[in-house]
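In order of appearance the chains are A, B, C, D, E and F, and numbering begins at 1 in each one.
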């Protein structure tokens, strides 16, 4: 426990986390500091491109692992199953109605790519390597949770605006296409490709991440401020315990597959993280009556900061305790 | 021929080309992936600044060549003459009216700076050096073609909205000013200046180019999808043969001037490439009745990808065959 | 004097200054070259983050100096006092009314962070080090001048729309929060933090500064063009002499505190520079009847270019003459 | 200058619904429309702002259609179908247009 | 389709005043509004354009409010208080809205 | 609150024509106008969208003028001259403005 805390404390004073904290502070202090929307999107395109490319180049360098297909299937299953776990917990712990509970549950089956990136940073910082294809696992985990959430709603006799157009939109969501596409480019062009563009996607990566997390802090802080009182105590507790529950599912999958220490931490992080881009957009279309303040605040305002600060070091400590490392 | 194909294949699996392909794929799959307009403009400002500066620093390093003035004059002449060639081909190969044919022809006299940059990348990758002032040649080739196109229209008895304001707009077009200006800055500050900012304009250049080409792919793909059926078979064939015709004009000019292998490839590429920024904007003002779907789709959807993938390696192979290299 | 001129000339042919000049040229030539607003804001966020972080890391590396608190107090006093000096000069030299004179005066008590950055660049180029906390001094100098300006108005019996909301807005202005916040992050994470992100905030810094100054040149040039005739000769003379007066106040403070050569140059530059971001926004709210063309044109169109080209080398020469260096 | 009576319909709707709205309008025979960006706003579902928004989820757009008066009802029916369960507002005002042959 | 009479108020105002305007409107009971970005313009205080603008000082925004006619006066009073000493314009037009319960 | 009758003219036009339009309006004595960005649209010349647009060629802007009714005709004549051969639309509606001395 002491070790976890010391590692967490160490994690807390990194430029990345402090940039996030600065954003939250500025939002709470009602500063007019803002990152223009176009710049925030540009930063996220950079991050997705870089993380995808490096993942693909990693696979090219270390070869296709027999575990790759298994990991992808595990990701699909985790993403589809976790919403049911989350839904049950929400119904037990909070007073949310079916619609809101299902919408929230969908977010926790899906993933947050920035949380994934932060976990990768922490692993890099400690010199722990991981399977390059975990990026692809992240990509396949984005969407299935949305279907589970909609199924939870339909089952309860309420309507959800599910159509072929939405299905297509979810699967061809810009972030998924960019992540999978740059993964493929990294894989095809391999180490040679990486060498060509590494001073763009490797060297400045941590710094770009700082600015991006500054923006995330601003958005999360403003969200928390605007929707004060929207979340009951039960919901907040859910937002802090669900990642711990999710990470155990991720751990189980990783142990089954025999992933490396790094891969295990990443699988746990994916399972523990909650979406705040792909799923909210889909929910606005399919479940317009669900309250976005609830799911956005929980995902971005509670679970994201928790994972960023305490969650990832905890998952790393658990994985190290079990796998040795 | 076999060698050309193998070099082309080699060219095809570079991160740059694959990023373009990813953009085209995302557009055809109707993904909502987009690069915000402001970011796309920012990337293009970066590229123009970097390419101009490096060109100028190159001239400062290697001294002013006696061929510089000759090359500028050759560029002017090529830009002014090629629209007539293109116009004649269009009238023979397609059913386009005078107005549309003239508008298209104007695009093929002018140049695409990204095609130029891609050719530079390919030369760099093969360790072939080139005259730094080719950037300046690119700049002077932007505008004359527009005048030729308007002359073609006026000659046929139709009106073109040509006024002093437009002339000024064309010559002081943002990309021309930035390219020529940064060329001048690079020339004045020389190697010392380059050393100061090379970790900004040299090291990350290839990576930025990937993101820019991703965007170009998205725009080209969406353009092709929206304007399906606008181009007849004849127009498409024109879009693929005109660059080959143009490159021969460029080759002739380069041989006359006695340019290096690299300079010859760049001159061929400039002559072969078609504008999709400066000329369309001028055409919207001066020839509003010409159909933008035709000229934008041909230039950006047919000729640009052709040059990027097959054209440049072909020009390099032809130049190497003739000059030895 | 000869030495000053030669140093100034040397300063004038740096990529940074020439980029600014290119922007001014493009604006005067009515080119449509523009940096999108979002990109310009993104660049300024980058610069503030980088300069703050490096300042903080500098303090962490060299330890807290006994002079830190003194310098902060000196900054506060300078910022509060200089508007009175400027106001007196304006009333003597120009025909501006109380309102406009007070608004202009407020700008000259506050600071221009880009001028500060340019001075840092020049010091770096000459291998002169400076106190890292000068960044914090810059931050505290942003706001007090605004209060002095409003006090000048209220004293004259005219109303100023000063309320608690405005006070908060001024102090929690985005640039102040970002500068102070990244300074704190740099301080906390120290050299280790700097090492993590230096390929983002150190290596490409000069290059980013070029693009930013290109934009500043465009904005300043367009401002000068649009407001031709707004400034009388007296006002222009004020815009050129006030920085020289201000720099002497800065020099006095630096000598009193016993700052290093670099710190002295920076303190002089801060006192000599005029705000064009924080103060104009506050003036629009508090003194809506003051004419923005006057204060923006003076600050951005006259004093900023003067400082950038001649001012900083002059301050450096004066400081070197006095402190020896 | 000769002008012609027309209606100006302004629909403020969530960005993720834009594609569905324009498709529904096109299906109802509305071929002319313009989409404007929106920075922020407030309504029954609270305040929001585009600042620092990472996701498309929170943003809105304004869709403006100029239309011949006799086609208004079909347009409103089509728009209503899409916005019915969603947040946002629809307003209609009278206007005059030049070049009536374009509408 | 059933529509209801309403007023559409459009206020073009300097960006640094936006927060004050929306607060004043909220205090006057106006809960619905939409903010649109503005690229540039010209008026009695000259021309301006957002291009290359580094500062918020020069920019403007357009605030659109749809409101029940009987509430118009309170809105205009509140808006006038804020814009009084500032540059910018306020215009009001008649319109019809769907879903009157939202206003 | 005292308001005054005015006209609101909205012109949607290609971005490369903006400078010409505002110049023509200024020449016709129109000193007040506001330019809004446009994200996309559709019309007789097909659909377009700003997404990923590298060039100014494809974009459009919306120009809004509030004007005294008696000056409308001059404005429309000037605007028509510019938009005549170009794509885009012009609409006019009645409105009321505060602070009539500004128009």
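The definition used in the following text is that contacts are C-beta pairs under 8 Å (C-beta built on N, C-alpha and C of every residue); 3 or more make two chains touch, one makes a residue touch a chain.
Because the structure is a prediction, the values reported are computed rather than measured.
**Student:** In terms of touching chains, how many steps apart are chain C and chain F, taking the shortest path?
**Tutor:** 2
**Student:** Which contact partners do chain A and chain E have in common?
**Tutor:** In this structure, the chains that contact chain E and also chain A are C, D.
**Student:** What's the chain with its C-alpha centre farthest out from chain D?
**Tutor:** Using the mean of the C-alpha atoms as each chain's centre, the farthest one from chain D is C.
**Student:** Same residues or different residues: which describes how chain E and chain F meet, taking over half shared numbers as same?
**Tutor:** Shared-number fraction below one half, so different.
**Student:** Using Cα averages as centroids, what's the distance between chain D and chain F in whole Å?
**Tutor:** About 18 Å separates the centre of chain D from that of chain F.
**Student:** Between chain C and chain D, tell me the centre distance in angstrom, where each centre is the average of that chain's C-alpha atoms.
**Tutor:** 45
**Student:** For chain A versus chain D, what separation do you get between their C-alpha means, in angstrom?
**Tutor:** Taking the mean C-alpha position of each chain, the two centres sit 34 Å apart.
**Student:** Taking each residue of chain F in turn, which ones touch at least two of the other chains?
**Tutor:** 36-37, 49, 56, 93-94
**Student:** Give me the residue numbers in chain B that touch at least two other chains, ranges are fine.
**Tutor:** 32, 34-39, 41-42, 199, 203-204
**Student:** What are all the chain pairs that meet the touch criterion?
**Tutor:** A-B, A-C, A-D, B-C, B-F, C-E, D-E, D-F, E-F
**Student:** For the complex, give me every residue of chain D touching chain F.
**Tutor:** 1, 3, 6, 8, 22, 26, 31-37, 61, 66, 93-99, 102
**Student:** Given the complex with chain B, which residues does chain C contribute to the contact?
**Tutor:** It is residues 13-15, 18-19, 22, 25-26, 29-39, 42, 125, 199, 203-208, 210-211, 214 of chain C that touch chain B.
**Student:** Which of the residues in chain C come into contact with chain E in the complex?
**Tutor:** Contact set of chain C toward chain E: 34-35, 37, 40-41, 44, 161, 165, 215-216, 218-219, 222, 226-227, 276-277, 280-285, 288-289, 291-293, 296.
**Student:** Contact residues on chain D for chain A in the complex?
**Tutor:** 14, 16-17, 19-20, 45-58, 85-87
**Student:** Which of the residues in chain A end up touching chain B in this complex?
**Tutor:** My answer: residues 36-39, 41-42, 45-46, 49, 53, 168-169, 172-175, 177-178, 181-182, 184-185, 188-189, 193, 196-197, 199-201, 203-204.
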